[in-house]
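Labels for the chains are A, B, C and D, by order of writing; each one numbers its residues from 1.
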Amino acid sequence: MGDRTVAGSPAHGDPGMDALRASVRAFAEEREWQGFHTPKNLAMALAGEVGELLAELQWLTPEESVAVMSDPGAGQRVRAEIGDVMIYLTRLCDVLDVDLVRAAVDKLADSARRYPADQARGTAAKARP
Amino acid sequence: MGDRTVAGSPAHGDPGMDALRASVRAFAEEREWQGFHTPKNLAMALAGEVGELLAELQWLTPEESVAVMSDPGAGQRVRAEIGDVMIYLTRLCDVLDVDLVRAAVDKLADSARRYPADQARGTAAKARP
Amino acid sequence: MGDRTVAGSPAHGDPGMDALRASVRAFAEEREWQGFHTPKNLAMALAGEVGELLAELQWLTPEESVAVMSDPGAGQRVRAEIGDVMIYLTRLCDVLDVDLVRAAVDKLADSARRYPADQARGTAAKARP
Amino acid sequence: MGDRTVAGSPAHGDPGMDALRASVRAFAEEREWQGFHTPKNLAMALAGEVGELLAELQWLTPEESVAVMSDPGAGQRVRAEIGDVMIYLTRLCDVLDVDLVRAAVDKLADSARRYPADQARGTAAKARP
């Protein structure tokens, strides 16, 4: 990975993501959890963590949710849940050999074609990136 | 991309993530969707996309899920759903001003403390990164 | 309730639920889907349908969500998604041999003990039935 | 509702469901949580509970998930999570004035039209009740 800073092509992710993916993989391997980490199981775990994130926000008004990070306790919990979601998403992409950032960039380009800005402006029905 | 090491401080993510976050933000602003993009709404949208990802994997055996990317149709759909999940997760972090990769790195360190490798080895009950 | 006590013992649910469970089971058997209907797969399918329900509500304000059934299109979609959620929840309970209504009644009694009314009054932090 | 005990018609639910709905409503009112219980918030809470259910099943093999109720600890947790899911689903239907069982019956009839048994037999791609 010595030439990563030279190569660092978007197709292969970038150093921050590379390091995270390697760390998550090492974490799983040290605990011998590879057998549990099928794409199916990891998608379930991802959904479970998203559920915990929802639980942090479910009773808040929209306005309270905007300010959630300014509450030390809730802010810390939200950040931790986001961390868990990202860990499983990174691990899922690792076992599937999917470049996470590239998959998002490609999907965003696809969504831009399907929801032209001039037609979707301010319309909730189409408010999907 | 020669300025990768200069531009991408860990505290602010790295260029790949930075570029994605900027693109997702621009996508939302061009469509005037900022008002819809509260943390609460984005967490719901994130969960909805994870639900679509689950739907792609729900009837597969564990073995089939491991091989899902080798099926052109299913592989493309899974990659697209992962892209959608990442788009909303990136946007959520943008509006919350949370560094997504850093949040995952920090949570992984926290999990390493809570689940020591020598105690968690091969144990499904603790199979949580 | 003349024949209710004979037909619908609490242990097995009541006629409405009994009929639904039988219909969902017949639906699956006619399509030879029993092999797909493991608890694990059904829980994923349940989550996928809940994701579709969230998608119907995600961009609405709280006030708009309160009035969602008065919009013919959105109301019909919400009702259909709720139907799908209930179908999978019923099927999950069928394969697990869990009495769905009884499980909810028992859990509510448990929650009543954990969140006494006089302590939880109006407190979002505890707003969990 | 005077003819409820005679008719017990599916259109109005049945006593078991009626009693559950009334109990869940009373539970919320005693704690003055009505303000929190918008359809949007309740759908999020429902998703959060489904996430907890997924967490109980995520590392199990399909075969282990089939036998989950024979493990006293896991079985009790699964049943409790199903109870929580049903409580929020019942409450969501109460605030939306949707008949939960009827919504499922209607959706199943709709699915029967869309997935004829002779075409969907044994096909995972269509394995959706």
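Going forward, contacts are C-beta pairs under 8 Å (C-beta built on N, C-alpha and C of every residue); 3 or more make two chains touch, one makes a residue touch a chain.
Computed from a predicted structure; not experimentally measured.
Novice: When B-C is set beside C-D, which has more C-beta pairs in contact?
Specialist: Output for the comparison: C-D.
Novice: Report the inter-centroid distance (CA atoms only) between chain B and chain C in whole Å.
Specialist: Distance between chain centres, rounded to whole Å: 29 Å.
Novice: When the centre of a chain is set as the mean of its C-alpha atoms, what distance in Å lies between chain C and chain D?
Specialist: Each chain reduced to its C-alpha mean, chain C and chain D end up 1 Å apart.
Novice: Scan chain A for residues touching two or more other chains and write them down.
Specialist: If we look for residues of chain A contacting two or more partner chains, we find 36, 40-41, 43-45, 47, 50-51, 54, 57, 59-60, 62, 124, 127.
Novice: What is the shape of the graph in which nodes denote protein chains and edges denote touching chain pairs (line, ring, star, complete, other)?
Specialist: If you draw each chain as a dot and join those that touch, every dot ends up joined to every other.
Novice: How about chain D: which of its residues touch chain A in the complex?
Specialist: Interface residues on chain D, with respect to chain A: 36, 41, 44-45, 47-52, 54-55, 57-59.
Novice: If we count contacts the way the header does, which residues on chain B are in touch with chain A in the complex?
Specialist: Residue list for chain B touching chain A: 1-2, 4-5, 8, 10, 13-17, 19-20, 23-24, 27-28, 30-33, 35-41, 43-47, 50-51, 53-54, 57, 60, 62, 65-66, 68-69, 78-80, 82-93, 95-98, 100-101, 103-108, 110-112, 115, 117, 120-124, 126-129.
Novice: Once bound in the complex, which stretches of chain A touch chain C?
Specialist: Its residues touching chain C are 40, 43-44, 47, 59-62, 124-125, 127.
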